[in-house]
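Report on the structure given below.
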Amino acid sequence: MKNTFGNSVSLTLFGESHGEYTGAVIDGLAPGITVDEKYIANRLSLRRPSGKTGTKRIEKDNFRIISGVFRGKTTGTPLCVIIPNENVKSEDYARESIIPRPGHADYTANCKYHGFEDYRGSGHFSGRLTAPLVAAGAIMQYALENKGIYIGTHIARCAKINDRPFKNINEDIKTLGKKKFAVLDEAKSKKMQEAIILAAKDGDSVGGILETAVTGIPAGTGEPWFDTMESMLSHALFSIPAVKGVQFGNAFKNVDLPGSKYNDEFAVSAGSIITRTNHNGGINGGITNGMPVIFSCAVKPTPSIFKQQNSVDLTEMENTVIQTSGRHDPAVIHRARAVVDAVTALVICDMLALRYGTDFLGE
Amino acid sequence: MKNTFGNSVSLTLFGESHGEYTGAVIDGLAPGITVDEKYIANRLSLRRPSGKTGTKRIEKDNFRIISGVFRGKTTGTPLCVIIPNENVKSEDYARESIIPRPGHADYTANCKYHGFEDYRGSGHFSGRLTAPLVAAGAIMQYALENKGIYIGTHIARCAKINDRPFKNINEDIKTLGKKKFAVLDEAKSKKMQEAIILAAKDGDSVGGILETAVTGIPAGTGEPWFDTMESMLSHALFSIPAVKGVQFGNAFKNVDLPGSKYNDEFAVSAGSIITRTNHNGGINGGITNGMPVIFSCAVKPTPSIFKQQNSVDLTEMENTVIQTSGRHDPAVIHRARAVVDAVTALVICDMLALRYGTDFLGE
Amino acid sequence: MKNTFGNSVSLTLFGESHGEYTGAVIDGLAPGITVDEKYIANRLSLRRPSGKTGTKRIEKDNFRIISGVFRGKTTGTPLCVIIPNENVKSEDYARESIIPRPGHADYTANCKYHGFEDYRGSGHFSGRLTAPLVAAGAIMQYALENKGIYIGTHIARCAKINDRPFKNINEDIKTLGKKKFAVLDEAKSKKMQEAIILAAKDGDSVGGILETAVTGIPAGTGEPWFDTMESMLSHALFSIPAVKGVQFGNAFKNVDLPGSKYNDEFAVSAGSIITRTNHNGGINGGITNGMPVIFSCAVKPTPSIFKQQNSVDLTEMENTVIQTSGRHDPAVIHRARAVVDAVTALVICDMLALRYGTDFLGE
Amino acid sequence: MKNTFGNSVSLTLFGESHGEYTGAVIDGLAPGITVDEKYIANRLSLRRPSGKTGTKRIEKDNFRIISGVFRGKTTGTPLCVIIPNENVKSEDYARESIIPRPGHADYTANCKYHGFEDYRGSGHFSGRLTAPLVAAGAIMQYALENKGIYIGTHIARCAKINDRPFKNINEDIKTLGKKKFAVLDEAKSKKMQEAIILAAKDGDSVGGILETAVTGIPAGTGEPWFDTMESMLSHALFSIPAVKGVQFGNAFKNVDLPGSKYNDEFAVSAGSIITRTNHNGGINGGITNGMPVIFSCAVKPTPSIFKQQNSVDLTEMENTVIQTSGRHDPAVIHRARAVVDAVTALVICDMLALRYGTDFLGE
């Protein structure tokens, strides 16, 4: 279904970097969900670049909800949110030659769309499209919080610097909701930001790892085959530009453990079933077990750099070099965390609506 | 869509470990694809346990294609393959108490299906269901090979031992197709197998990392949002029991690189566009760039071990211990590789049929 | 999704007329639904030809449920039912020439599948595939009855003879469940059967109109756009071979009424909202209003006749004639009613599961 | 998928009658389709009310394409078209009592959305939403015409008056494209319009039957089960407000024919296969046979009338009467024809893209 994700609750994304609007349509949301515009604005602010670690193209993200909300609550019919592209420098000229930027979608878009793609500012592939995604996700994240389900993401690693792991998860999530640069350990946060600024000075960029925790998902959510909780989350997460890896519960490292250590033993705790460790990231057999769902995303360094790179001239089919300039992020990882939260909210809403029906998230 | 995956080409999986049959229905396959039963049998043999590294439950996998094939070729209508469960030890007794095995789906299945699940031998969650998946995948893999698209998976790491990386990929893939234990470096293969036997003796199990390469996918395949090539592959891969992580091009390690190193620069080579490195695993912006698609899966150690473990009695809601016995694998990674190849074939067929139409894979 | 229908509850159909089995997979059924094999056998008997009004190919329909049921109840995982093709006269010869039968799918199948189709006995297009559809539908119909939702279909018109309309709908539905030839007025039933026998003697066939009533669907089920209750029902109904028209509440005749007569006025009755007439067939704006859902299907005369007809030789691309012989139905309308009930049950289950969640139909 | 229709090409609809915009997103359109804004404007004008036969709420339909088009051609990424609701009389008051209008969705929307629905001017159920549907459909209809596929709809019956049937179909389609009141026989057109005006004077409304022809669809398009051409068309058509019946090739009348008359015999004509009659409406076994696809829709009389009607007060749960006033159509059938054409174009594009791939409709 291409630019749509989800079954019971679905989201359709549209727009280009230099178009009039980017936008998203959410369908299947329960009627009667409160839509808190301040909450949305805050989530958008967490995605927006700021200070020295971000691009100089800063947009106000004046989102407008043009359908599906009536008197502050969802109606149950499709909700469309649009965000104008306010800060567009017009570049509506014909390309004399097509020299794709390494690491970007320029070349693959050209293969797929045969030159008809809107190539300006990466077009439909632009990170700009994550703005309506975050706005839409915020509506769902707010609804989930009302049901006791919390989502939070921190920068677990950036420029080889590690943040501390999650401790008291719900408290950590609350803290992260207020941080523009989502690192739990303030000393590490400072170091990471310095490393980003250093990379920027060098015309280079850095990547890292985002770690996400979700608490409060009822045990028993997910499907055994194909629509496992891991499958649905990874499907959505790999749509985020720059995400190149997804693991649950630190899997790539922990596969070195023997089964006797990796297995999460059960215990009764305060009348509930818990596991004594959480190497499986809260999911067994594709289905949640009631423990926090924990996963992390590998976020590649921003492909936009200011160093000369080898490329090709697609028109002439010959080698050449490319030197980009303009407004770019030396890192996107601190902005991507808001996008990770948004798509996670979408997946959880979809899975819960499938299980409990279309009214579940309403009042 | 739960137990169905795919849009233009789709697969539906059914069956339980102790039922009469497991099976799969493939829909959307082009008419006129040759169905080579020897090829299917070989792929099934690569999945089947053998020797000292596997479970003692060995099935002949006498698959039968009961629809969709006429005179050795696909008709274009749904192809159903079923495999009898021949070696079932009957355990059709009522559970007196439910004590879920750590790391297994026993507990989550109980939460989801309220006790109606067929719990015998993990029921619908059993690795047995990967047999029809491999049989179905083999039909698609064969069709892809006829179009010059090759898929191969090796055990890149097992019990902390690393295989050598892919070198000449198409040749390596050919080699892997003949190996029961899919390791490229024979010395490492021996060491891994020894480690598995050692773990088995200790009543324990090991995991590892599978690395897959796909060559020959035309550049321009995949969608920018939601149905990116990474999204579709990871969706299918995370359905495989024990897969807990998916990364493209060694992402979790390479996020430490600066953008100037991570970016894959372009070059013209023999009239084609290639990239000089392949950190992006053959995919930019969710769309293939014509380079080999490279990804790896973290495969957790088999949860079935013979050590006593802490668990809970769900009926009494109290702590207890569990000591499993019977037929089990000390490792599944060497068998899982055939499953990884199968679901990869499914995803590629689906994406190509979407792009080129339903006749694409036929003759 | 081709041979699959449904979102929250879905059904996949496979098989060919002369293959080993036909079958269906239902996915998304709630765990804990009682599977009553006698009920299924009865529904299959209503579809089976009998006496002088049906084909001489009579099969026992020895259905087998090979997955998804454990101790007489659904597990919540995919349920696969297969039915062997017992009475197959082998015709596995190469066609020397392809002369499509008028009104059949021979020609269109050839256009679509390029000659790879299994043409024997109409292959995948055969009415035989409605057997597993009826078996699967019976499981869902039984579950719906346990929730107070009843489905019944009568032959409203056949060979220009009209049955009486529904009166006491639930009672009529009960009566129809016991009738092999589903006509409410016995005198009309006799006349219709005579007309069918007469047509058979003449080597000809007859069609008619099936009218269906569904009671007990909660008001508020259906979607405003695209997945309206009418859309979902008609989508499924038009899959049934020979159905060429679907109308809700006698629409094709009643469009002649003025709005003041067509509108169904509301009233309060015993604490519930009812409508005083039911021209809208229980659906407003695509959503059920709590009144019986009433629709009818135009069923074309069976295309299999024993008269010589004009056709073409596709190999030679020249005009020719065709004279068919063998086992055929002079009418299928009395058998199709069981298929209409089955797909109706599927649609209702799917829509209710979407609305109320995946556990809704269970115990 | 609720407010989304289609698989390979899909359309998502959003908006409410009194919201800021209504809109549609088309996804899966080939890159390189010319977007002719005049053509779109013309199709919108055919849907717009005018003269004495329509509502007095006339909107300019100033559609804006805000994504997916670059330099006059589709990019291949989602195309979003929005239309402002310009002529909205604000009614943003709390309902003191809820008295549903007979024949409308007021009551069912209330059952489904629990009072959170935007009830103003029928909200999401309003005929206003057909404006973006027509705009989006126009883009697809234009693309189809470039491939030699033509769609046209006439009012076959209105207020008991019959138009002449299609004769030279392609010529008739061309004629209809220019007519605001789509009747082929001018004398009948005049009579129908007089009948509509008469009904309006009486505060009443009329309905009728729309007949549609589609020429040029390649033989072999459609699926045998569930996604038959009839299923897909009817699914989309029944989404149109007021459509209560769909038949192919005049089925409800022709079921009275014997099979020997109903069957469409084949012939070779100018090197192609044709049928000598077309009772099957160009479809056999759910798949097109190359003949014109012919179907008709029963369009109920507009439920908005100016006569007093019985209804209920939902708050008090007691009988009452309702007398509506304001802007309304005494008939919608002449406007609905543009909507029928639009959804038909959507279905055909979707089915062709599935068959021939995502580039098929491009240049």
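Letters A, B, C and D mark the chains as written, and numbering starts fresh at 1 in each.
By definition in this document, a residue touches a chain if its C-beta (ideal position, glycine included) is under 8 Å from a C-beta of that chain, and two chains touch if they have at least 3 such contacts.
Bear in mind the structure is a predicted one, so any value in this text is a computation, not a measurement.
The most distant chain from chain C is A, comparing centres defined as mean Cα coordinates. Ranking B-D and A-D by contacting C-beta pairs places A-D first. Remark: chain C and chain D have CA centroids separated by 26 Å (rounded to whole angstrom). As a whole-number value, the distance joining the C-alpha centres of chain B and chain D reads 45 Å. One inter-chain figure worth recording: chain A and chain D are separated by 38 Å, centre to centre, where each centre is the mean of the chain's CA atoms. Listed for chain A are residues 1-4, 7, 13, 77, 112, 124, 224, 359, each touching two or more other chains. Put simply, chain C touches chain B in their complex at residues 1-4, 7, 10, 12-16, 19-23, 25, 27-28, 31-32, 64, 66-68, 70, 73-80, 82, 112-114, 116-118, 123-124, 359, 362. Interface of chain C with chain D (complex): residues 1-5, 7, 13, 100, 102-105, 107-109, 111-112, 124-125, 129, 157, 159-160, 199, 202-209, 218-228, 230-232, 234-236, 238-239, 241, 243-249, 251-252, 254-260, 262-268, 271, 273, 275-276, 279-281, 283-290, 298-305, 307, 309-312, 314, 317-319. Across the interface of their complex, chain B is touched by residues 7-8, 77, 224, 354-360 of chain D.
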